[in-house]
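Look at the two complexes coming up: subunit A is in both, with subunit B in one and subunit C in the other.
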Partner chain A sequence: MDQPIKRHSTLALLGALCLFLSTIEYLIPKPLPFIRIGIANIPIMLSIDLFPFSSFFLLVMIKVIGQAIITGSLFSYVFLFSLGGTLASALGMFTLRRFIGKQGISFIGIGIVGALLSNGVQIILAWLFIFGPSAQFIAPPLLLLGLVTGLLLGIFCQNFSEQSRWYERALQERLHDKP
Partner chain B sequence: MAVVMTVIAATMKAAIAAIKHSITRFRPWDLVILAISVLITFSSFILVYATNTNNLQVVIEGVGQSYIYPLSANETISVQGPLGNTIVVIHQGAVHVEDSPCKNKLCIAMGEISRPGQWVACLPNQVFVRIIGTPAKDGLDGSTY
Partner chain C sequence: MINRDRRIDLSYRLFNSSDLFIAGLLCIPALVFSHNLYFRAVLFLYFYVFAWVQGKRNSLVMTLCISASIVFFNLLVPYGKVLFQLGGFKITQGALLSGLEKAITLEALIMLSKTSIRSDMQLPGTFGSLIAESFQIFEELLAQKKQFDWKKPIESIDLVLMSFSEKPITQHEWQNTIKNKKERTAGRFLLLLQTALVWTFWLAFAF
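Our next item is the complex of A and B:
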C-alpha cells in the first residue's frame, strides 16, 4: 500500500475508535453533563505522533462531531463547549509534543495539559455565555478532576505506546512524512 | 462471581503495575507540567473558596448618599445627615458607630456588627449601616450561656 492509503486506513480506524469510546463514555452515568473522563481522547493522543497536522485535525473533528451525534448534543450549546474544549486541548497537546519532542515530554504530560486545557476552556465558555461570574465555583473541582483523569489517560497512553505492536508498526510506517 | 473477582484483581494488578512503570519514567517536562497543574488547581481552590467566604460588604446609607466598603477594610467614614456628621468605623472585620450628633446615642450603644444581615441605625440622623454577603457555613445565628 502506498502511504496516503495507509494513513487513511489508520485514520479511519482511530476515528471509529473515537466514536466507540464516546459511546462507552456516554454509557457511564455522571452527575453533571460537563464532567467527562475523556476516554474518547485516547485515539487523539495516540495519533499525535502518527499523523501530519491535517490528518490529526480531521481526526479531532471526527471525534467532536461523532461524539455530538452519539450524545445528541449536535445542535445545542453543549456542542460549542465540546468543540471549544477539544480544539484547545488537541492543539495544545499537538504543539507541545512536536516542539518539545518525545524525549522531553511523555504522554503523561500531554494528557494533563490536554485535560486542563479542555476543562479550562469550558469553564471560560461557561463564564462568558451561561453562568457568568458564578462559573468560578465549578472551576476548582473541574480542574482537579481534569488533573486526575488527564494523569490516568496519560499513563494509559504511555504504556500502550510502549507495548502495542500495532502502534510501533504504525510509527515505523512514518505516516506523518510527506510522500 | 469468582471469575469476576479474578478479572477485577488482575485488572487492578495490571493498572498498578502500569502506574508504577510510568511514574518511574517521568520526563523533565512532565514534572514541570505536573507541578504547574497542581499549583493552578490548588490556587484555584484557595482563590475561589477561601476568598469568597469573606466577601462581606458594608452598606452605609445616609440621606441621598450610599457607600459600600468591604468588611475587611479599615476605614473611618463620615456620613452627612440632617443633624450633622455620623462617624462610622470599619475595623478588623467589624463595624460600629463611633460618634453621632443624635440625642439618645442608641446607634453607638448598639455596638459592633460583623455578620451578614446585622445592622446599626441612627434614626434621628437618618443613617443606616448593614452588612450584606453570603454567610460562612459554620456561622452561628447567636449563642447564649
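Our next item is the complex of A and C:
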C-alpha cells in the first residue's frame, strides 16, 4: 500500500522562516547585542490569525530557542533578552488581536505594540543585568527605534497578508479546520 | 594556521553536541558566581580561543565595541573615587569596575555559549522533532537564499512558503557525525578536563 506523502507542517515552515530571517538579521552589525530590527518576528505576527494559542506559543519557542542555537547565545544574557522580549511582545500582540479583532487593530497597530513591549522588557533586563541605572539613557533611543521598526514590520505584514497567496490559503485552511 | 573548514571538521570529529552542551552547562556556575574579575577575564579568553578552535565566527571588533559601549553607559552614572576627568566627564573607579565586570561577564557567557551550542544539537520530545523539522527546512532555505529577491520581499517569501508547503518531507540525518570511538573518547576527555580545570580554579582562587 502506498504511504501518504508527508508534507511540512505550517508550524515548522514558519519556524524555519523565523530562523532564516534571524540569520539575515544576525549578519547586520549592531552596537549592542540585544538590539534587533525584529524581522524574525514577521512569521510570528503572521501566525496570530492562523494558529490557536498553543501552536502560536510553540512557534514563539521555536524562534527563541532556534535563534539561540544558531547564534550560540543559549547560555548568555542575550538569550534572556530574546526570551523576555519575544514572549512579552508575542503575548501582547496575540491578546490584542484576539480581543479587539482584525477590524479593531491592524498588523501595524500590533507591530508597534509588540515592538514597544519587547523593548520595554529588554530595557528592564538591561537595567537589571548590564547597565544598572544608566539604562535610562538607552531607553529613549531604544523605544524610538522600536516604534520605527514596529511600524515598518506592521506595514510589511499588512501588505503581505493582503497580497500573499500562501497566507490566503493558510487562512482558508484554518477556517475550514474550525469546528 | 589551520583553516576554518579543517577546524570545524576536527571539532565535529572530536565533540558530540550533547557533550558540548553538558560541559558548557557545567561551566556556567563558575563564570556567573565567581566575583573575581581576572578569573572571568581568563575564562573569556579561554572560551574565545575555544570558539575559534571550533571554527565559530567571531568579530574581535564587534566584541570590543559591545564591551566599550557597556563600560561607557556604566560610566554615565558616577560612583566611587574619581580616577580622572575628561572635560566635564568624571571617570569613577566604582562605575569603571562595574562596567568592566558586566562587559567581561556578558562576553564570556557569549563565548561559552558559542562553544557549547551546535546546530546539530537534538532536543527531546515533540518540541524537539518540531524544531528539528524547522532546522531541516532552514538548511534548505539557506541553500536557496540566492534565489531570494530582497527587492521584492513579499513575492519572494510567498513563493518560498508556497513551494515548501507543497514539497514532500525528505529524510534528513540529524545525527552527530562522530564515527570513531577513540576520537569521541578523546573529545570527552578534553571536555572533562576543561570542566575540572574551570571548577578547580574557581573553587581554589576565585570563589
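Side notes on the structure shown:
Following the convention adopted for this analysis, the second predicted complex is superposed on the first by the 166 of 179 C-alpha atoms of A that agree within 3 Å, B and C clash if a C-alpha of one lies under 4 Å from a C-alpha of the other, contacts with A are read in each partner's own complex, and residues count from 1 in each chain.
The rule is simple: a residue touches a chain if its C-beta (ideal position, glycine included) is under 8 Å from a C-beta of that chain, and two chains touch if they have at least 3 such contacts.
Because the structure is a prediction, the values reported are computed rather than measured.
Using the contact criterion defined above for the overlaid structures, shared-chain residue A:159 touches subunit B and also reaches subunit C.
Judged by the touch definition given at the top, the superposed model places A:137 against both subunit B and subunit C. Contacts of A:77 after superposition: subunit C is touched, whereas subunit B is not reached. Ranking subunit B and subunit C by residues of subunit A touched puts C first.
Once the two complexes are overlaid on the shared chain, A:15 sits against subunit C while remaining clear of subunit B.
By the touch criterion defined above, A:95 lies against neither subunit B nor subunit C after alignment on the C-alpha atoms of chain A. Of the two partner chains placed around the shared chain by superposition, subunit C is the only one that A:66 touches, whereas subunit B remains out of contact. When the shared chain is aligned, subunit B comes close enough to touch A:105, but subunit C does not. Subunit A residues 137, 156, 159 lie at the interface with subunit B in one structure and with subunit C in the other. In the complex of the two chains, the subunit A residues touching subunit B come out as 96, 100, 103-106, 108-109, 112-113, 116, 136-137, 139-140, 143-144, 147, 150-151, 154-156, 158-159. Per the touch definition, subunit B reaches subunit A in the complex via residues 18-19, 21-22, 25-30, 32-34, 37-38, 40-41, 44-45, 47-49, 52.
Looking at the complex, you find that subunit C touches subunit A at residues 24-25, 28, 51, 56, 62, 65-66, 69-70, 73-77, 98, 102, 106, 109-110, 112-119, 121, 123, 127, 130-131, 133-138, 141-142, 145, 153-155, 157-158, 160-162, 164-169. Looking at the complex, you find that subunit A touches subunit C at residues 5-13, 15-20, 23, 29, 31-33, 42, 58, 61-62, 65-66, 68-70, 72-79, 129-135, 137-138, 156, 159-160, 163-167.
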